[in-house]
Amino acid sequence: MTTALILLLLAVGAYLVAVIEAWTVSGRWQLAAPITAGIALLGRESIVPRKLDRVFFEVAPVLLLISALLAATVLPLTPGLIITDLATGALFINAALVYVLVALLMAGWGPNGAYAMIGGWRFLGQLIAYAMLIVMPVTAVAMRAESLLTTQIVTSQADLWNILYQPLGFVLFFVAAMALAFLPPFDLTTATSELAGGVEAEYSGVRLAVFRLGRLVLVITLAATTVVFYLGGWQGPWLPPWAWSAIKILAVTALMLLAGRVLPRIREADLLNLCWKLGIPLALLNIFVVGLQVLVWP
Amino acid sequence: MNLIAVTILAPLAAALLILLLRRIPGALALSGATTGLLASLALLADTGAGVSHEIQLPGLPNLPLSLIATPLTTLLSGLVAIIGGLVVVYAIGYMKRDDEKVRFFASMLLFVAAMQTLVLAGDWILLLAAWELIGLASYLLIGFWFRRPGVKSAATRAFLYTRSADLGLYVAVFILIADAGSSDITTTLNTGGGAATAAGLLLLVAAMGKSAQTPLHDWLQRAMAGPTPVSALLHSATLVAAGAILLIRTAPMLPDKVLLVIGIVGGITTLVTGLIALGERDLKRTLAASTSSQYGLMLVAVGAGAPLAALLHLLAHAFIKSSLFLGAGVFQHSRDSTAFSELHGAGRDRPWIFFGFALAALALTGIPPLSGFFSKDAIIAAALISSYAPLFTTFVLASTLLTGAYMARSLRILWQGNIALHNIAGLAWMGAALAGLVILAAVLGAAFPAIEAMFSDPLPGNNVAVILGLVAAVVGLTLGWFVPAQRLLGPLRPWSQRSFAIAGGFNTWVVRPALATARSCERLERALYNEVLALGRLGLNVARSCERLERALYNRVLALGRLGLSLGQAVRLGDERGIDGLIFSLVRGVTYLGSRARRLQSGLIHRELAITVVVTALIFATLLIPILTF
Amino acid sequence: MTPELFPALITGAALFGIGIYGALSQTNLVMLLMGVELILAGAMVNLVAFWHHLHPDTPAGQMFVLIVMTVMAVEMAVGFGVAIARFRAIGSVEMEEAAELKG
Amino acid sequence: MAMISAQTFFISFFGLAAVWFGVVVFRTHSMMRSALALLFSQTAIGAMFIGMQAEFLGVLQIMMMATEMSIMAIFMVMFMMDPGGLGKMDMTHQKRLSVITGLVAFVAIVAVAVFTDWGPLAGSVPDSAQQTEDLGLELMGRSMLIFETAGLTLLTAMIAATAVAVEPIKRNRD
């Protein structure tokens, strides 16, 4: 029952993400656009390239969708509204999201196409850049909550949200999350302008629809994760928890998408430099500071 | 801090500082001397007030070193300090042109410090040490201009004289300490009998040496080679005085016979040296001779049993003679010589200096109310009442007459003549020092009653003595002023020229013994040499025999070696046949196995991995056997 | 005889064997590393199995697994470093061509 | 009993998956495939851990191995063309020896596993939150030295590998 509800909510979320993305691109509210686009994709012929690696080609979109869904399973939207409250939830989110990489590698490798492969490898480099910046801020969050349970992480922010408690961690995590969702300016994998869609280049029809859906779910999941980790989850005055979760998640989504629109795309070499020479030291500093804070205000 | 210590250490410290810093020696010397002067004056005041100071130093086992402040010692130390200070002031001017001030002032202050130690010494050992020190310091100072001809010999001569006389002091001190069982002077003064006699005579010898009594008077005049301030110090308060001081301090213990001898020696000295002074052609030498004569007078006083009178005359004479020398130094500077032939009219150049000089001369002659008058007529009185009155009185009166004569003579020579004015560097300093000394020399008589009170021992005095003394002095002066010295001396003149070197003076009394000792030493040395030579020969013989033995041994060893060689040959043969063959076969086997093993080691990682795994598997199998078989 | 352990232990053994085979048979350095990874994986399986079935109350077993994971990471890093250096040097990572260790 | 059997089934299933993927690693000619096969084998092992209620380790294994094997994949493609060995060429040597060794090792270990008496089975396993806490305490407590050493070793390996791998700097004499 809960699972079904969560899946439904995720579908709605994906729809809203699509709407918001369209709005950030075109500036107009086209509520029907996602639906029509989806139907169009489903109806279109799905072309299969020659000399492809069938397994990877077929598995990749599904794996992307699945990993995003798996990550979503440990995210509490309201108290009790959570599929499985794993004792290692925070870690499990990372574990599930790493398979986004695997999916993209498959999608890049499978169709036996140059652009796709380049996109896939690029994402690997991108992962090497952002992976640490996902894990280390989460470590700080877990330090404050003294647990990996996502629900406990949420309740640990009852008096002060982590965005205020560890703003540095929030910034790092936000950037890393955008890189993980390969949103602009980190959309090196699907750089429409230079790689003709990168990993998406060879996909069409149903598979492309699944791929897009997976990406939308990934975005909404990451937004939810950010909310859970840093924005106090469902907590908030006056309004009921579900409303707060919805508001926060949508706001974070909009922020992510808008940020991508105003920033120029970044080269992966620069991204690596930035993350390893600036990001990781900052993350370590964040852990240190949070440790001190935890000692000072338990 | 004890005043005695300051009195002694201040000059010493100044000397060391001068040697260390090697600059502003004058200022340092002056400050050091002044400090010592103040300290010793305070000491004098304390002692006058009855406060007694004493320092006990750990010396030889149960012979502690001590410094005591009795009226006598403090008085002498005050004298030394005053004269030392003024002479230093004078020297600052006198040595202005000299470029070895450092050495000069350093040894000067050392001299002062040593003298202070000597006068303040409370026990014989310290006194001996100080005695030696002043000997050394005087040697340094007399030989100060050692580059000038004759100076070295003069210094050496003075040193030898005093040292040879010092032997007497040593023996005397040994006798005294052995007799009294203590090195404390005051306790040793109670000794009597033969020991006292022997010690007294030996002390007299020492005093004769230091105070240049006949027949050891010769060195003093030659010591004029030193700088004038040195002469002033030497004659007035320090070196020469030491002899007299020794006798004055030990006077209480001296038996009559010794006193008689002392008196006779002093009397002869005073006459002989007076004549010498009269016959001299050199101002400073005249003064030197007169010094000897005055000390002779003091010895007479001691012999007459009036050490206090001697002490008073010592004080008076110290100031007088130092002022005389200082004046002479001025004249020397103005004429670059001390020969009378050059000094005609030198007095007119600087009337004030001459006035001071004349005042001092009159004081020495004993004209009232100058200090010399009181001390001298005290001596005359003592001679009159002494048990050998006729002898001593003649001595004293004759010496007084002679004094007047040679003083008048030198005054005349200095006055008559024409002016030849040179300007002298540092005249201000010299004049100041001279003035101070002359004033003291003039008015010191006023202090004598206080000193008598301090010693609580009234001076003998009567009108007869006064009249005799005055008569003698005036006669001497008139003779000296009007009659030239040659005629005055008459037949004695050639002797006096040779300064009465009785029995060859220096040669007889110093050089011969020295040479004799040298010869005996040489003889001893030759004997030793022969001994050593004999020993060497013996050693050579032993060595030869050893060598013979060694050669024999060598032959034996050689034979043994040959035997060993032949054995080695045999063994080698055996090796080549048997053992080598075995080893070679072993080597071949090893190389064979190695080539086999090398094939295993291919360097290909998978091969090596495979080998590793297989071997590990075998090992595990062996480990598994027990597990699988139960 | 404790049958509860069989699934895990046999899996570990199989992984170990496969790893041995890979490490020995592959001509390529990276494949060889894969074999080593498999060997370590088998070891980890056994460790976890023993921990779970025999000493679940002592975290030391899990700690050991963590150490093994570290070892895997180290082995990967060093192996790839060597591979890159070798590839840069002679343009290939074929084991057949690597006989420099021959003494 | 049912729980145990379900668990055993779970473990066995993922064990079989792990082994199967392990075999695939050396069966395929596509480097990409072998790398990802190894990845899935490791993932299956992680799943086994979770099945054996070592939740933290399982999740950690899944996460780490995904990254590691992806990196391995790119190296594979870098160093040997794909398909590996350019087609049908055999990429193995001393095959028989390897097979035999592998089989022997497998049999021996299975024998040990089967014929050894591993002693009494422990009862219930503490719940995963408890485990995680214990593990953390263990790491920060008794085993701290070991763990720090491991971390240090890892750092050293990273630095060394980088130093070995970077292009040697051309020292131009001027």
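Per-chain numbering from 1; labels A, B, C and D assigned in written order.
In this section, contacts are C-beta pairs under 8 Å (C-beta built on N, C-alpha and C of every residue); 3 or more make two chains touch, one makes a residue touch a chain.
Predicted, not measured: the structure shown is a model, and the values here were computed from it.
Undergrad: Count the C-beta pairs in contact for B-D and for B-C, then report the pair with the higher count.
TA: Result: the pair with more contacts is B-C.
Undergrad: Taking CA centroids for every chain, report which one is farthest away from chain A.
TA: Checked the centroid distances; the maximum from chain A is B.
Undergrad: Centroid of chain B to centroid of chain D, CA atoms only: how many Å?
TA: 102
Undergrad: Quick one: chain B and chain C, Cα centre-to-centre, how many Å?
TA: Averaging C-alpha atoms per chain gives centres 100 Å apart.
Undergrad: State, to the nearest whole Å, the distance from the C-alpha centre of chain A to the C-alpha centre of chain B.
TA: Chain centres of chain A and chain B, defined by C-alpha means, are spaced 108 Å apart.
Undergrad: Rounded to a whole Å, what is the gap between the Cα centroids of chain A and chain C?
TA: That pair's centroid distance is 32 Å.
Undergrad: Please output the residue numbers of chain D that touch at least 2 other chains, ranges allowed.
TA: Residue numbers touching two or more other chains: 56, 60, 71, 93-94, 97-98, 101, 105, 115, 131.
Undergrad: Which chain C residues reach two or more other chains?
TA: Residues 20, 24-27, 95-96.
Undergrad: For this structure, enumerate the chain pairs that meet the touch criterion.
TA: All touching pairs, sorted by chain label, are A-D, B-C, B-D, C-D.
Undergrad: Please name which positions on chain C make contact with chain B in the complex.
TA: The touching residues are 20, 23-27, 32, 95-96, 98-103.
Undergrad: Inside the complex, what are the residues of chain B that reach chain D?
TA: Contact set of chain B toward chain D: 606-607, 610, 613-614, 617, 620-621, 624, 627-628.
Undergrad: Which of the residues in chain D end up touching chain C in this complex?
TA: Residue list for chain D touching chain C: 4, 8, 11-12, 15-16, 18-19, 22-23, 25-26, 31, 34-35, 38, 41-42, 45, 48-49, 52-54, 56-57, 60-61, 64, 68, 71-72, 75-76, 78-80, 84-85, 91-95, 97-99, 101-103, 105-106, 109-110, 113-115, 117-119, 121-122, 124-126, 131, 134-135, 137-139, 142-143, 146-147, 150-151, 153-154, 157-158, 160-165, 167.
Undergrad: In the complex formed with chain C, which residues of chain B make contact?
TA: So the residues of chain B touching chain C come out as 598, 601-606, 608-610, 613.
Undergrad: Provide the residue numbers of chain C that touch chain D in the complex, in ascending order.
TA: 1-2, 4-22, 24-31, 33-35, 37-38, 41, 44-45, 48-57, 59-60, 62-63, 65-67, 69-74, 76-78, 80-85, 87-88, 92-93, 95-96
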